[in-house]
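In what follows, a single structure is set out as structure tokens and then discussed.
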Amino acid sequence: MAEPQPTDRAPVRREAFPHHRSITTRWMDNDIYGHVNNVVYYSFFDTAVNAALIEAGGLDIHAGPVIGLVVESQCRYVRPLAFPEPVTAGLRVGRLGNSSVRYEIGLFAGQEDAAAAFGHFVHVYVDRQTRRPVPLPADMRAFLEGLVVSGA
Amino acid sequence: MAEPQPTDRAPVRREAFPHHRSITTRWMDNDIYGHVNNVVYYSFFDTAVNAALIEAGGLDIHAGPVIGLVVESQCRYVRPLAFPEPVTAGLRVGRLGNSSVRYEIGLFAGQEDAAAAFGHFVHVYVDRQTRRPVPLPADMRAFLEGLVVSGA
Amino acid sequence: MAEPQPTDRAPVRREAFPHHRSITTRWMDNDIYGHVNNVVYYSFFDTAVNAALIEAGGLDIHAGPVIGLVVESQCRYVRPLAFPEPVTAGLRVGRLGNSSVRYEIGLFAGQEDAAAAFGHFVHVYVDRQTRRPVPLPADMRAFLEGLVVSGA
Amino acid sequence: MAEPQPTDRAPVRREAFPHHRSITTRWMDNDIYGHVNNVVYYSFFDTAVNAALIEAGGLDIHAGPVIGLVVESQCRYVRPLAFPEPVTAGLRVGRLGNSSVRYEIGLFAGQEDAAAAFGHFVHVYVDRQTRRPVPLPADMRAFLEGLVVSGA
């Protein structure tokens, strides 16, 4: 394959992320080949992002004025995850724009220090009613600034 | 409605279950009405059962001689669960047959003592190849006997 | 096992349901044992119910005055389903109350006439804001009356 | 944002894909904001790929000698999808290697001609037992060659 594969690269480590969250795997995450299905990794991504925003970033998903729409996401899979082992998601902000944020996430199996997968997704924050982009609310921005990793 | 509803009954409490497991909710568990979708409760059920069997009951899901097939499941929903709050699943065995087991599960939101939902599912254990019922393996039976609650 | 099992009973057939809907299976529906996971059947149930209500019963899930909360669900599994085969869901109404409805669903693999699974779930319709039970809207009731099967 | 966004680009159209598959949406696909959750798009991707391989490419997911592992996936979201509208997945092969394939997928809402989302994922085919890369089986390769789009 023309592109370098994840295994050719330096491993992504837990310390590369300022925020961590433990996520339990589920029986039905395992696909017919016995590992967590590739789709489920993205569920770990948006769980890590939204949980952080709700618990510390002031996001009110039920009635707040802004909602985050995902415009792009990506994942590189390095080694398999499997139920029933728990996963830790590491979270950082790769780019903090006026109304958009690039979240970067690493997923770590059990106590392992090298990421089993890593990826990103880009949120554009929009008005709940008009669905037009709006500036990030001040409290959310303040929280996210603490997750920006220089040189990431 | 003719049948008594869950709210008419005595609450199901944590102490009614000898085994507990914490399960994290996910962003996508919430449906359009802002609560964990009814389907996902069953995922908590089979996660609780299979995790216990794998970690303590000797179940080898990749290559073991027996697999558990679900022949019936049921859930009564008492009050809503919502992301990002974690859930605790309480597990007990309601009936332990020769090749079948009735698992009973209560789901508890956060630190609450009264169940948000409770239900059961019935596993029939079959040979991995023939898919015909077989007696429960001895180590699995020994583990499950410890989860039988008399008078449950 | 004390209870009669599905295989002891007369098969549930397509003609027992006045409304049908085709649902495609997905790769990740298959669990490690190669069949559609038991949890996913409930997703077929609420897809069949909500799609019918939206398309023909006047349900507006985004802004309508009432929402349906599931208070009970149950499924009996007769034979396995597997990706990539499509499923047909048959739908009927077993009981139509003032604010609650018991939906009964059969799931049929491919072109088969005998159900692979059957079950029910009970919706209580509540006010979107107060979440208190309210009478079924007239257009929804009219639609559901057409799905009542006498003697079901 | 530094990168061009999907809305800046020419739309991706149905005719850009030689293979199409209809996929039904499900009630629980909709998230709290009323649209199909970003994670679910990837389920449409791997459903389109695996269904094609099983039905026309000779893939035996239960006992075949090779299995496909996903090493990378990506999606760009242009406009929302929502239950109960069905989705059509368009599929083409962007690169056909010795043991790896880059699948490119467009997702189309209802009868729309411009993609609601598009993305790719890369499968590496490995031996079922050793999980080491192996050349694509001849019948799978023959099928995939028919999906290669020059200049894609």
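In order of appearance the chains are A, B, C and D, and numbering begins at 1 in each one.
Just so it is clear, a residue touches a chain if its C-beta (ideal position, glycine included) is under 8 Å from a C-beta of that chain, and two chains touch if they have at least 3 such contacts.
Just so you know, these numbers come straight off a predicted model, no measurement behind them.
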Selected pair, out of B-C, A-C or B-D, that shares over half of its residue contact pairs with A-D: B-C
Identity of the chain that, by mean CA position, is farthest from chain A: C
Distance from the mean Cα position of chain C to that of chain A, given in whole angstrom: 34
Rounded Å distance, chain C centre to chain D centre (Cα mean): 29
Centre-to-centre distance between chain C and chain B (centres being mean Cα positions), rounded to whole Å: 22
Residues within chain C bordering two or more other chains: 27-28, 30, 32-34, 37, 39-40, 43, 46, 61-62
Residues of chain D that touch chain C when the two form their complex: 22-24, 26-28, 30, 34, 43-44, 46-47, 49-51, 54-55, 61-62, 83-84
In the complex with chain B, residue positions of chain D that touch it: 27-28, 30-34, 37, 39-40
List of chain C residues in touch with chain B within their complex: 1-3, 5-6, 32-33, 37-40, 42-43, 45-46, 61-62, 67, 69-77, 80, 95, 97, 100, 121-122
